[in-house]
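Each of the next two complexes has chain A plus one more chain, namely chain B in the first and chain C in the second.
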Partner chain A sequence: MKIVVAVKQVAALGDEVEFTEDERDVDPDYLDFALNEWDTYATEEALRLCEASGDGEVVIVSVGDEDAEDAMRRCLAMGADRGIRIESEERLDPIQVARALAEVVQAESPDLVFAGVQSADAVQAATGTALAELLGLPRVAVVTKMELGDGKATVNRELEGGLVDVLEVETPALLTIQTGINEPRYATLRAIKQAEEKEIDVRQPSDLGTPAYEVTKMFVPPKGEGAEMLNGSAADVAQRIKEIVEECTA
Partner chain B sequence: MARDPKYDILFEPIQLGPKTMKNRFYQIPHCNGFGSEKPMSQAYFRAMKAEGGYGACCTEYCSIHPESDDTHRVSARLWDDDDVKNLGLMCDMLHDHGALAAAELWYGGPHAPCMESRAVPRGPSQIPSDFEHLTYAKEMDKDDIREVQGFYVEAAKRARDAGFDIVYVYGSHSYLPQQFLTPYYNKRTDEYGGSLENRARFWRETIEQVKAAVGDDCAIAVRMSTDMFMGEAGTQLERDCLPFVQLVDDIVDVWDINVSGISEWGEDATPSRFYPSGRLLPWQKAVKDVSKKPVLGVGRFTSPDLMLEAINGGSLDIIATCRPSISDPFLPLKIDEGRLDDIRECIGCNICISRWEIGGPPLICTQNATAGEEYRRGWHPEKFDPATNADNDVLVVGAGPAGMECAMVLGKRGMRRVHLVEAADDMGGIMRWIPQLPGLGEWARVVNYRKIQIDKLKNVEFIPNTELDADGVRSYGAEIVVVATGGYWATDGLNGATHDTIPGADASKPNILTPEQIMRDGKEVPGNRVVIIDNDGYYMGVSLAEKLAMDGKQVTIMTHLGHIAPYMDFTLEGPNMHRRLHQLKVEIVTHQVPTQIANGGLTSAYAYDEEHLTEWEADAVVLVTQRRSNEALYRELKDKIGAAALQSEGITGFYRIGDCEAPRLTADCVFSGHRLAREIDSDNPDVPLPFKRERAVVEREAVLA
Partner chain C sequence: MSVLVVAEHLRGELRPVTLELVTAAKELGGPVAVAVVAKDPSALADAVNVEGVDEILAVAVDQEEFENDVYEQALEQLLSERDFDVVLLGFTVNSMGYGPALAAKLGLGFASDVFAVRDDGGLVATRAFYGSKVQAELEFPGHDRVLLLLRPTAWAPAEGAGAASTTDVSVSISGSRARHKDYVEAATGDVDITSADFLLSVGRGIGDKENIPQFEELAGKMGATLSVSRPLVDQGWIPSSRQVGQSGKTVKPKVYLALGISGAVQHLAGMKTSGTIIAVNSDPEAAIFNVAHYGAVADLFEVAEELEKLY
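Right, the complex of A and B next:
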């Protein structure tokens, strides 16, 4: 059993934000970096399946510069076996990321491919699905539960309004994993130290194509005007709402 | 971050007579155990608040003459030129930070026992103190009055010479000027007693004389209690205080307004158990309404929004803080810098005050382990030296107050990685359930502050739901291991009264319970009649009595001591705790030692006659007898695995802190964790480094020559 987990080092905004001089990105000095939360759950799910199978390998893949290895090492400390980083210092769109990942994942011929539902910083929820397309794999998004069978998996997919879609998918398949599917383990200090010794293979990407979009400007939205805060008791607020509705409909 | 502009008013300067205070943050007079005789500790302690942004800081009560000697408690003193030198250092250090220095000139009258000076205090009438045992004052005649007023003038001049900018004529807490104002103390029939004009005469004349002596150089402050809560006998707001304010307003530069007398001054220094922040605002506003001068006052303000409300609501001009300034000397700066979530908020436990009440050991603080350690240990509440062994990884087992503090300080000292591992699903240890006792909600700030700080530290990771055994610790991969597994209440009645267990005490039975079982584990308290055995003497027994009585139980609390919860007299919680228990019809039984617990009740012996037994019916017995260290993990690591085996796993440092070492006050648990982290790179972190002691050292040759 081999499972490849695609992960991302994401950026979180601190209390204050400044933009780069070209106004197309946040100044990295104002960012904290960490492993994407969804990917923690994807890694845990992969580890559990491999541990249950008794014989398996979890391979962590990521696209990014050397700093992105910090996030990959978190996964290795949790117990993943090795990592492959595809070198890139560019800002890539999700399709380009998927192209970079596809070659590497293809060569691994995994039984399953996991990705997080989305990344906490870009929040596009596109990479996993794009990767499935490029690999020609069936894909299930927003997975909250899975059971592995022979050549297939039964998975729960989270839908709007608390609905759950239970379906069977043939494997190999690509699943995007939702938070809460499991309780991710913590890495001991020893595991963190051992993860520093684990192999991360660095590959150069081939042609990733041109980005489908580019950021032209990043800014803090100007404050809107005209909002009226309703204060006071529930009765006061209700009275004011009634007046506003009457004003608008008069 | 920048200051939120809505708080700008807190940072506007204000004129106090001849002096300008740079902002509205004032450290009210409060004791610290240093006085004039530990001048370095005194100066460093106050200067830390000035560094933290306070616009002015005051001494504690500052005696003007050996007749006002509060020994066994520690006050500042301005008796002679050497005191001027000693307190002058404090003034200089405050000035270096742009803060004003204030001296609270104090004459105690009958409340000053003069145990060191052996002088005889003078007072308005000859009635012994209601606060101190066996102290009488000499009833003052007119010559005495002139003489004591002269002491004020001379002390005010010494204060000015020391560098003080603000000089008090202090009355609050039932000291001499307020004694003259108050019928409870003043029974005179001459022109210093009787009518308000007469009762006010001593204070008015004294203010006039001090003003004439130093008023060109110093702001004159008057601190007055505006309600003693004693009915007709005590000072009253409308009858006495507001007319007095109008009488002397022209010669006063700033009013410091509070409430209470001395014997129940917990009405002023309010424990959070009984009062919210800002409880004095109505009295402060009443004075501000009739005065043309700035009014300052306390209210245990930790929230800048409440401070704003006090100023914008016309109650105060200056926000005075005592306990919040101990808990966080950098309160003003943190508001200024928009770092509100870094404020270490006072929890209102009054453990600081307890030290003065005990008689003047250095103050301590539950929230701020560095309080009082600024000089003698060189600790700064906001600055942490990188550890010389910062390339080590640390495992802290247990996220109670000690473990959290230790992990946080180790993080701030830059250790490579700190893992704070906890068996429960969140941080807090005992401080998760203690704040659920009646009135103790604010105590949860101990957890909240540390949780936020730990979350910000990238090198500290919190790991919940993980109970480590000795092998788990051994193989965890840390170079330094700190065990902070806390303590527990004895389940067998072991206690400090008999140094033995209580026959029949066994908390595995349904009718015998410990505090954790009730508060944390949800064990049901059976039946109606509950007897709480309290050999502890602090808050746990009475808090449970209050809780169970509120739950509808018929509660008896029994102690071997002569008085229930004696430590709560030190924290000023005692009087209202007694009122509360009385109101809830809790039966208090003293001087009784339990001898046997059985189904349906227990037997006790009178403490001074073991033959004299009493039977008590009880459906449930709660054991608040003593605590024990939860040291199983520590013992297994130390005794079964051993230092050598740990060393072979790469564990070079192995320590324990907090209740796991010995049960103690939460303030001391926090200190324990802090101390270890501050000294983690010393030669032997297990043993605290010596602290600087301020004492006279003899010059033997000179003496013997």
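Right, the complex of A and C next:
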């Protein structure tokens, strides 16, 4: 059983923001980086399946610069076996990311490919499905449960409003994994240390094609129109909340 | 610009996002065509024949319910026969299953969770980045055709009787590798949060499962019903029947008091039409403040403690 998990080092903005000179992106100095939350669930699901099979390998793939290896090491510390990073300094659109991943994933001939449903920073929910297309794999997006069978899997897909669509998908397949599907394990300090020794192979991307879009302008959205800020001490805020509640529920 | 809207339906009912897509399509000038991919497209034709729709493309397939291979093949064939500048899908779980795949296969311009579009001598789309803290305008150089997934509830649904013509489109589907078997309803809990007038809603900011009883108690004292954002359900702290948001319940109480909820897009989709929204968050840049009527940048535990004293 070999499972490839595509992960992303996501960027989060703090309280302050400055843009790059061309105003097309945020100045990286204002960003904090972390492993995408959805990808911790995807990694956990892969680890559980491999552990259950008794003989498995979990390969972490990611597109990014050297810093992206921090996120990959998190997955390796959880128990994944090795990583492959596809070098890219630029911020790519999700279809370019899928193109960058496709060749590397194909070469691994995995039994399953997992990706998170979406990334916390860009929320495109697109890379996994685009990657499935490029690999010629069946796929299911937003999976909350899966059971492997022979040449197929039964999976739950979570629709809007919590309605569950139960599907049968042929395998090998690519599944995008939703949060809550499992309880991701924490890496022990020892595991984090050991993960430093695990192999992360670095590859160069092939042709990424025409970008799916071009950011022409990035800006801070207009502030909550009409949102009245309640100032003062916590007691003052509580008092105002009580008044507003009484007024609005009367 | 010519626009193709792909209708979304479930168990024989048109989903509301479809008519929102029509509104967005009209903003781009049109003509507007709506593709209905279904076992019996004519059953949905009336529902999509609203003002502004010029043509309904009835695409009959064997599958009654959505399957991503079916939609992808149907759309690919449709796009090979007909020219559209823009294809609009809802940013929904169904679309996530085939929209990006189609864009990758055909090399289309692409973006998702788009909440504004305009024709500015070329298509311009607006979406958020970095946890909704910033927004960006996108253009699509090098692409004759662009496929966009539009955020549900960002446009008003199109209304009024339409006068669209219907064209039958035949497609050949060569198999579906992920097949629909069954639907299972979301669990119903002991409490119906959609009928509450006053929701006290807590999010990741409460930090620990052990803090939930404290907020249940506070909600009780205040005459509110406790609801939560998704992360608390994911962690198994509370049943999903209490969850507000796209994958949970859509609520519209008179008052929505959000404590420690940052305001992920999917959460906002489930509560932004509430009568009065009050948000308490320690992060002044939290996206929840963009939809709130009243906001306080404060420690939620301190505010909760003061509220306890008042009730």
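Operating definition for what follows: the second predicted complex is superposed on the first by the 222 of 250 C-alpha atoms of A that agree within 3 Å, B and C clash if a C-alpha of one lies under 4 Å from a C-alpha of the other, contacts with A are read in each partner's own complex, and residues count from 1 in each chain.
The rule is simple: contacts are C-beta pairs under 8 Å (C-beta built on N, C-alpha and C of every residue); 3 or more make two chains touch, one makes a residue touch a chain.
Everything numeric here is computed off the predicted structure, so don't read it as measured data.
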item: Contacts of A:Asp15 with chain B and chain C, given as first, second, both or neither; value: both
item: First, second, both or neither for A:Leu159, with chain B first and chain C second; value: second
item: Chain B versus chain C as contact partner of A:Asp32, first or second or both or neither; value: first
item: Partner chain(s) touched by A:Thr129 [first = chain B, second = chain C, both, neither]; value: second
item: Dominant toucher of chain A (residue count), chain B or chain C; value: C
item: Which of chain B and chain C A:Arg240 touches, first, second, both or neither; value: second
item: Touching partner for A:Thr188 - first (chain B), second (chain C), both, neither; value: first
item: Chain B and chain C footprints on chain A, overlapping residues; value: 15, 183
item: Chain B-touching residues of chain A, taken from the complex the two chains share; value: 15-16, 32, 183, 186, 188-193
item: Touch list for chain C against partner chain A, complex; value: 10, 65-69, 72, 91-94, 96-105, 107-113, 124-125, 128-143, 149, 152, 177-187, 197-198, 222-223, 230-231, 233-236, 240, 243, 246-250, 254-255, 257, 265, 275-276, 278, 280, 283-285, 289-299, 302-303, 305-307, 309-311
item: Chain C partner contacts - residues on chain A that touch it in the complex; value: 11-15, 17, 24, 26, 31, 93-95, 98-99, 117, 120-130, 132-134, 138-142, 154, 156-170, 173, 176, 179-180, 183, 209-221, 223-224, 226-231, 234-235, 237-242, 244-245, 248-249
item: Sites on chain B touched by chain A in the complex; value: 1, 393, 395, 417, 419, 458, 461, 463, 465-466, 475-478
